[in-house]
């Protein structure tokens, strides 16, 4: 009997639960020569905005212990160029695509949702309410429960697509936000986006990033992301797309076990573009070894120590 | 002309600004053969409680990428044993001592403050309102502004010693807490305590830590701690004792530059007990090289990029 | 307190079995100070590991100290790739020691896997008493039986048991221990058990020690961050000593293996 | 798109000056695919570094690809400790290339420090034109003048300038460039400048190119996380091309050095 790796996020069916995270895989074409695109459950696009954005000045990235800071500032060519120039490649190559959307106002989010809902080849929307690197919008919606509720309610009305809200980890009680996401009718919740951090050039006594602060990602944050995924899994019933520092099959397993239905690989793509394929193979191997035949048996299978 | 490394935290004068963090240096005596105790600005004691505590069952610690999780659970022999058995050694060896206090109720904090204020050899109190590993008290006081204000106000009334409040990084707006600390009359603020995280044994599908979650420390969190230190420096005027992942002279410099008056070394003591002495020497060298003669010239010297 | 932190050079590095290696480091200090049962924290410079790893002192020859390890995870796997002449950061010697046997005592040494190296150093340190030592080696299979010849060369009696019967007795090493106690029932009050190996083995050995009223010292393992007694991460639950009882106002406490151990009286341990 | 991710073995590793090293790796793929101006991302397995490091292809001989690097920080310092036979993780070849010179063109190659290796590979690739190449090496001091003999061996004319005058002209390499342009004023429309080195040098070289209306290609550096065009971390500000202007509705944009560069038309760059 075969192993079933396919999972369901709202209406969206993924052939396997291993996706690549927004901003960390371009629009897939860039990676075709180094990654096996056919092995990826879904590609989440770089964050899209209504109008083209050129992003922040260099330096935008810094390496940190087992992690990196980025302050890209959502550089992208805008949703229209995405639909016209990037989506066709993804469609032709049968790559399941989730569009990551970013507004500075609620209206922008609404328009993005509308335009992408009409575009052929978009499987779901991931609403980024947690980008720490832009002046307006972004994280504001992700750290204020009221703003979060309003923006998601309004987007929900504009799209019939599977709607995933991406949470910021920079909050005291993430469960509160997860419950809002569920309450307004989103199909799934994804977490975590990056943690706000900072690095200093000690000789110049200036921030290394021109933007001063940036978002921390990579293996360094994994224990934090696993804990938040576990907490959100206690709080809501909608599926969780878990991410943050996944760097190996074992890391991916941690997220499933604490409650993720699917996972996303971010920073690790930069130095190991083959990781998603490795994880797909590794999950299958793990399930076989542990006499399981469906990845859903792993989701939330954490057993708490008796005391 | 000599270089001045001494700093002032409230009434407490430190001969240099390099302290060792609570829970990461025992009561100093344990480290006498591997560290140069005479080089340390102050030793912050392991977290003290009113009654002896045996802490959490093993496993209590896990290594993570560039970091570690701990869920010690404040194992300590209680404040009385500290005063009777540990303090004399510290006094005899002229080691400036800061006592780290932990209560499960406000009354316990008050009693701890009273007893330690009467003890000879305690230079300051660091109030831990941010321990993530105990059932009652601890972090509750550090993530709820009301509780934070009340506990600190009451402790302030009980002690004339320099009072330092240690903040939790697990909050949305740390500035809010820093302002409370300043508002109730604390002399200084220290940050960060550990970030709540979790690790899973994927073969057993159980949490590795018996306590399920633990606190993340070490180089992994440094960019986050630097950013919080910088934010708190914008928000308050009282001195900041900065910490989180300091692993080298350069790391220490980052904290001073963003606004710390003194720093604390935690996890790095475990694998490099000589680090504090190395940093003291390194600070002096840096000041010399940059034509500065007082460490206070470094504090908050960050220059923002013009845009 | 006499531990030191040192950067040392690897002076030899040999594979001695499937996954087992012996690494030698040059350190007059460590060579001179190490006592049987003690260990070192060993850190690989610039590797992507935070902590050092604990390894028992396995042998000392002149200024060279030898550690015997099995490749288990990332740390030991990276260590196995290190070449002669490369550096290690060492803190040690750490922890307490096995008790010095009295001249008329008879030692029953029960070990498994990488629990054997400290027992070897123990036996070698008191080699003049080797004829009063019986070493029992327990292992999963033949491939995991190590140091058999080395113990024999010291002059100890050696017996082996394996789970699959591929070497020695098929069964548990505690069977050998029980037999050894029976065979030496005349000198039962002279017997001393020392054991190091996986927890289930130590638990069973301790139970036998308690039942037979034979003093039993076990050397235990827990994850260690510092090895110096300051992180309080490496604990096992134990009964309180009388003084502790009074001070802590309770019967049980957590004891740090890195400084109050790794060697504990078996009867002190509360198995969780 | 023809880059690959490979684990390769170090086939040679030589120090060639104070802090300068040449490392050779065996990779038929890379040897065959690499073009002048391209680079690789090079990662050290198990080191405590997250990203690979970018190094230009310096030379190709048979199946061996050579990188020339200077020890700057942690990555290059760890790399310098790697021995022949050890592994590196390589992604490459990456980025665009210097333009193939037309047979009648005369090349002015202006380089500094670790900007010289890609220029060397450029010169070597079109060695049949070496007599139409003038190489200008700028450096702080004599110790940082590298590859002078190697360029001569290719048949190029070589000049040196140093800040302190310890070798060649005392002054900036742009003085040499200006002089070379003056000396070749008769064939000014056949001149082509290619430059790689520190940003101030590239900025000055670009300004000369613009002023003298000589096509100028510069190879730039920024921190890179991926090298593949997906992190958008490695950008410099540039004027928009006509199509970009229309698409982005603005005049300026940020251009990724790892895939749209590292070689850019000097006049495109907006120096921040």
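List of remarks:
Just so it is clear, A, B, C and D label the chains in written order, and each chain counts residues from 1 on its own.
Just so we're on the same page, a contact is a pair of C-beta atoms (placed from the backbone, for glycine too) under 8 Å apart; a residue touches a chain by one contact, two chains touch by 3 or more.
Because the structure is a prediction, the values reported are computed rather than measured.
Chains that touch both chain A and chain B are absent from this assembly. Each chain's centre was taken as the mean of its CA atoms, and the one lying most distant from chain B is D. As a whole-number value, the distance joining the C-alpha centres of chain B and chain D reads 47 Å.
Averaging C-alpha coordinates per chain places the centre of chain C 56 Å away from that of chain D.
Centre to centre, using the average C-alpha position, chain A and chain D are separated by 36 Å. Among all residues of chain D, those that touch two or more other chains are 48-49.
Within chain B, contacts with two or more other chains are made by residues 57, 62, 64-67, 218-219. Chain contact topology: the protein chains form a single closed ring, every chain touching exactly two others.
Pairs of chains meeting the touch criterion: A-B, A-D, B-C, C-D.
Interface of chain D with chain A (complex): residues 1-5, 41, 43, 48-52, 89, 91, 222-223, 225-226, 228-237, 247-250, 252-254, 259, 272. Listing the residues of chain C that touch chain D in their complex gives 46-49, 74, 78, 83. Interface residues of chain A, counted against chain D in their complex, comprise 23-26, 30-34, 46, 51-52, 54-55, 57-68, 70, 72, 75, 77-78, 81, 218-219, 267, 269-274. Interface of chain B with chain A (complex): residues 57, 62, 64-67, 69, 143, 170-172, 195-200, 202, 204-207, 210, 212-213, 216, 218-224, 226-227, 230, 245, 247, 250, 253-254, 257-258, 286, 301-305, 307.
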